[in-house]
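Same chain, two partners: subunit A is paired with subunit B first, then with subunit C.
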Partner chain A sequence: MGKDTQLNIWEVFIQSKSGLPYIHAGSIHASDEKMAMQNARDTYTRRGEGTSIWVVPSSCITASNPGDSEMLFDPSNDKIYRHPTFYVMPEGATNI
Partner chain B sequence: MKKEEALFKYLLRLADDSLILGHRLSEWCSKAPFIEEDLALTNISLDMIGRTEALLTYAAVVEGKNQTADDLAYRRPEQNYYNHLLCEQPNGDFAFTIARQLFQSTFEFFLYSELLKSKDETLAAIASKSIKEIKYHLQHASDWTIRLGDGTEESKIRMQKAVNELWMFTGELFEMDEIENALLKSAFAVDLVPIKIQWQNKIQQILTEATLIVPEDDYMQTGGRNGIHSEYLGHLLCEMQYLQRAYPDAKW
Partner chain C sequence: MADEIKFQKRVDNGEYIEAKDEMPEEYRRHLIRQISQHAHSEVIGMQPEGNWITRAPSLRAKQILLAKIQDEGGHGLYLYSATETLGISRDELIKQLHSGKAKYSNIFNYPALNWADIGAIGWLVDGAAIVNQVSLQRTSYGPYARAMVRICKEESFHQRQGYEIMAKMMSGTKEQKEMAQDAMNRWWWPALMMFGPHDTNSPHSSNAVKWKIKRETNDELRQKFIDKTIPQAELIGLKVPDNNVKWNAKTNHYEIGEINWDEFHKVINGHGPCNKQRMNHHKKYHEEGIWVREAAEAYSKKKLERESLIQA
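And then the complex of A and B:
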């Protein structure tokens, strides 16, 4: 793969409504924070997808190593008691 | 001149600026320096063409001759287009496109801020939607001007050259004639005398931050507001109006 000459890569997170979590939308190229914000806005919120944006330089993100995934994630497979499925739902409640 | 006639022409002037510059920006589609900028320029283009539609739809009503916004956009000859010459200048390099946008968006920012107070309710409503978009266009253009002006040796040279070459098209932005004066009296239109000072101050501030030199006023081009254009508008309209000219009333 050739060298990426199109500025630095930033990850974009969009919040669709106030109070909801920011969800990863994708990445963009930009040379600085201001440009990253504008490019994120132009690339990912053109159809009313968001009310707030976070941009983060991709280099600032620490990702888990795919080689560690057995160690990190498999141990939770047989711990069904960690799911709150043993409660009886009070009558009439839709969420607890 | 009757008031409707003056208002019709004023609306065409506003609409033609945004249609012609919007069309110019659309020419960047798939050709911008990178994909994010491709989207940014075409988003601005769509904002401007959307504003044109609102203005021409209203203009057609004011004219009262059963024309549609499309008729006004696609069937008017060059001499009946009243955009500023600035808006029809070809894209040039990226710096040239940015300088052209900076000059026009700064002008539009102050113009539409005043149009919010227009006694014509439809025009004020169009302004209130447009001003949000224009603020972003101005932000985009001024950020790039500063980034390129205060950037590399090459980008600085190109940005300064673009500013210098386009300067002669900025005098026309502030011309007032009997149409605008008549509409100003009834508080429909905007007085461009104070707008000129606001524009100069803002441009001075941005160019200074961009470490660029503000050109001296010299010979200023004029004519756009009266339908007298540079050689570029005819070619632009050829392309933009082709379909309606070749196949009138064509439908999808």
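And then the complex of A and C:
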């Protein structure tokens, strides 16, 4: 018997309520979009956890490397002027 | 070595380890073994209960049992998908199960003989599993911890439906009460064994605790289960099949008699009542499903080819 591939891996993202972001739930195996959608529904939304599902082949996702996190995220640490608390407001200013 | 110290520091700080993070090989191996064993247990655990779907005593009971077994299948899938993040394929995981390299929980090598067993399995077996799983929600490997959170949300229905069956039988006829007590007698000790050997005797515990894969030890978890379950048994009139059970007011814990570890080792080494049957069943249906997977793949390949022809 040859390799039993158990089909491709797809990542599943679920929106729990309209207006909210899609959150990663886990993965499933499927041969195409239709089966992926069906399996995602059966596996991750048996109790009304979702109003909408995205399925994406795992091979299509590019993830950052933990080793690169300094390079990627440190530059934002020294730009405190991106935060509203950086600015000095005149005494007595309201609603701002 | 420097990497291991760095890793330990992250674990000690309470950080979660993610799939692409650096981790000691032994941590990865331990997780693959533990999570896949957990996944296999969920899936093999569908068998003793599946046996009772067509014989459930009412439509209500049948619907509930179907939903519960579907959940177990789902839990297996959450856990397989968490194991796959560690770089092992589903195919390999199933092969390890079939070759006997990977184990599943010993408890499923016992038969479900009658309807009271369905109650006892839900109440005691799922009850013991929940104690373990609640603790694992804080395990150091992120994908495993997240799968546990999802599973815990669903498991309490399982335990409550089991206890409901037991409570109903204990308020029924003399025969029904005897059936419930008989199921209690057969499942109590195997349920206690689900937590594994005593801490002084547990081969995989020490690294697992250091790496925070395990957040509490076998004996600590077992004690939690005992303390929770004995009052539930007493409330509905079931007797714990252990003459040495007593409440210790000083420690605020129940004390129990000696666990029969010879039986535990006998069953884990393949000599339980159902080991062979469980594995043969899994192999049979796995192999009978091969053509379905192949057909699905052939279909999607053809579809892709047709689409690229249209575009060209």
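Criterion: the second predicted complex is superposed on the first by the 78 of 96 C-alpha atoms of A that agree within 3 Å, B and C clash if a C-alpha of one lies under 4 Å from a C-alpha of the other, contacts with A are read in each partner's own complex, and residues count from 1 in each chain.
The criterion applied here is as follows: a contact is a pair of C-beta atoms (placed from the backbone, for glycine too) under 8 Å apart; a residue touches a chain by one contact, two chains touch by 3 or more.
Since this is a predicted model, take the numbers as computed values, not measurements.
Novice: Put the two structures on top of each other at subunit A: do subunit B and subunit C fit, or clash?
Specialist: clash
Novice: Can you tell me whether subunit B or subunit C touches more residues on subunit A?
Specialist: C
Novice: I'd like to know which partner A:29 touches here: subunit B for first, subunit C for second, both or neither.
Specialist: both
Novice: Under the stated touch criterion, which partner chain does A:42 make contact with: subunit B (first), subunit C (second), both, or neither?
Specialist: both
Novice: If we overlay the two complexes on their shared chain A, which of subunit B and subunit C does A:66 touch? Say first, second, both or neither.
Specialist: second
Novice: Could you tell me if A:14 is touching subunit B, subunit C, both of them or neither one (first, second, both, neither)?
Specialist: In the superposition, A:14 touches no partner, neither subunit B nor subunit C.
Novice: Enumerate the residues of subunit A that count as touching subunit B in its complex and touching subunit C in the other.
Specialist: 6-7, 28-32, 35, 42-43, 46.
Novice: Would you pull the subunit A residues touching subunit B in the complex into a rising list?
Specialist: It is residues 6-7, 28-32, 34-35, 38-39, 42-43, 46 of subunit A that touch subunit B.
Novice: Once bound in the complex, which stretches of subunit C touch subunit A?
Specialist: Touch residues, subunit C against subunit A: 18, 20-22, 67, 70-71, 74, 77-78, 81-82, 84, 89-91, 94, 143, 146-147, 150, 153-154, 290, 293, 296-297, 299-300, 303.
Novice: Touching subunit C in the complex: which residues of subunit A?
Specialist: Touching subunit C: residues 1, 3-7, 9, 25-32, 35, 42-44, 46-47, 63, 65-67 of subunit A.
Novice: Which subunit B residues qualify as touching subunit A in the complex?
Specialist: The touching residues are 34-37, 39-40, 43, 139-140, 143, 147.
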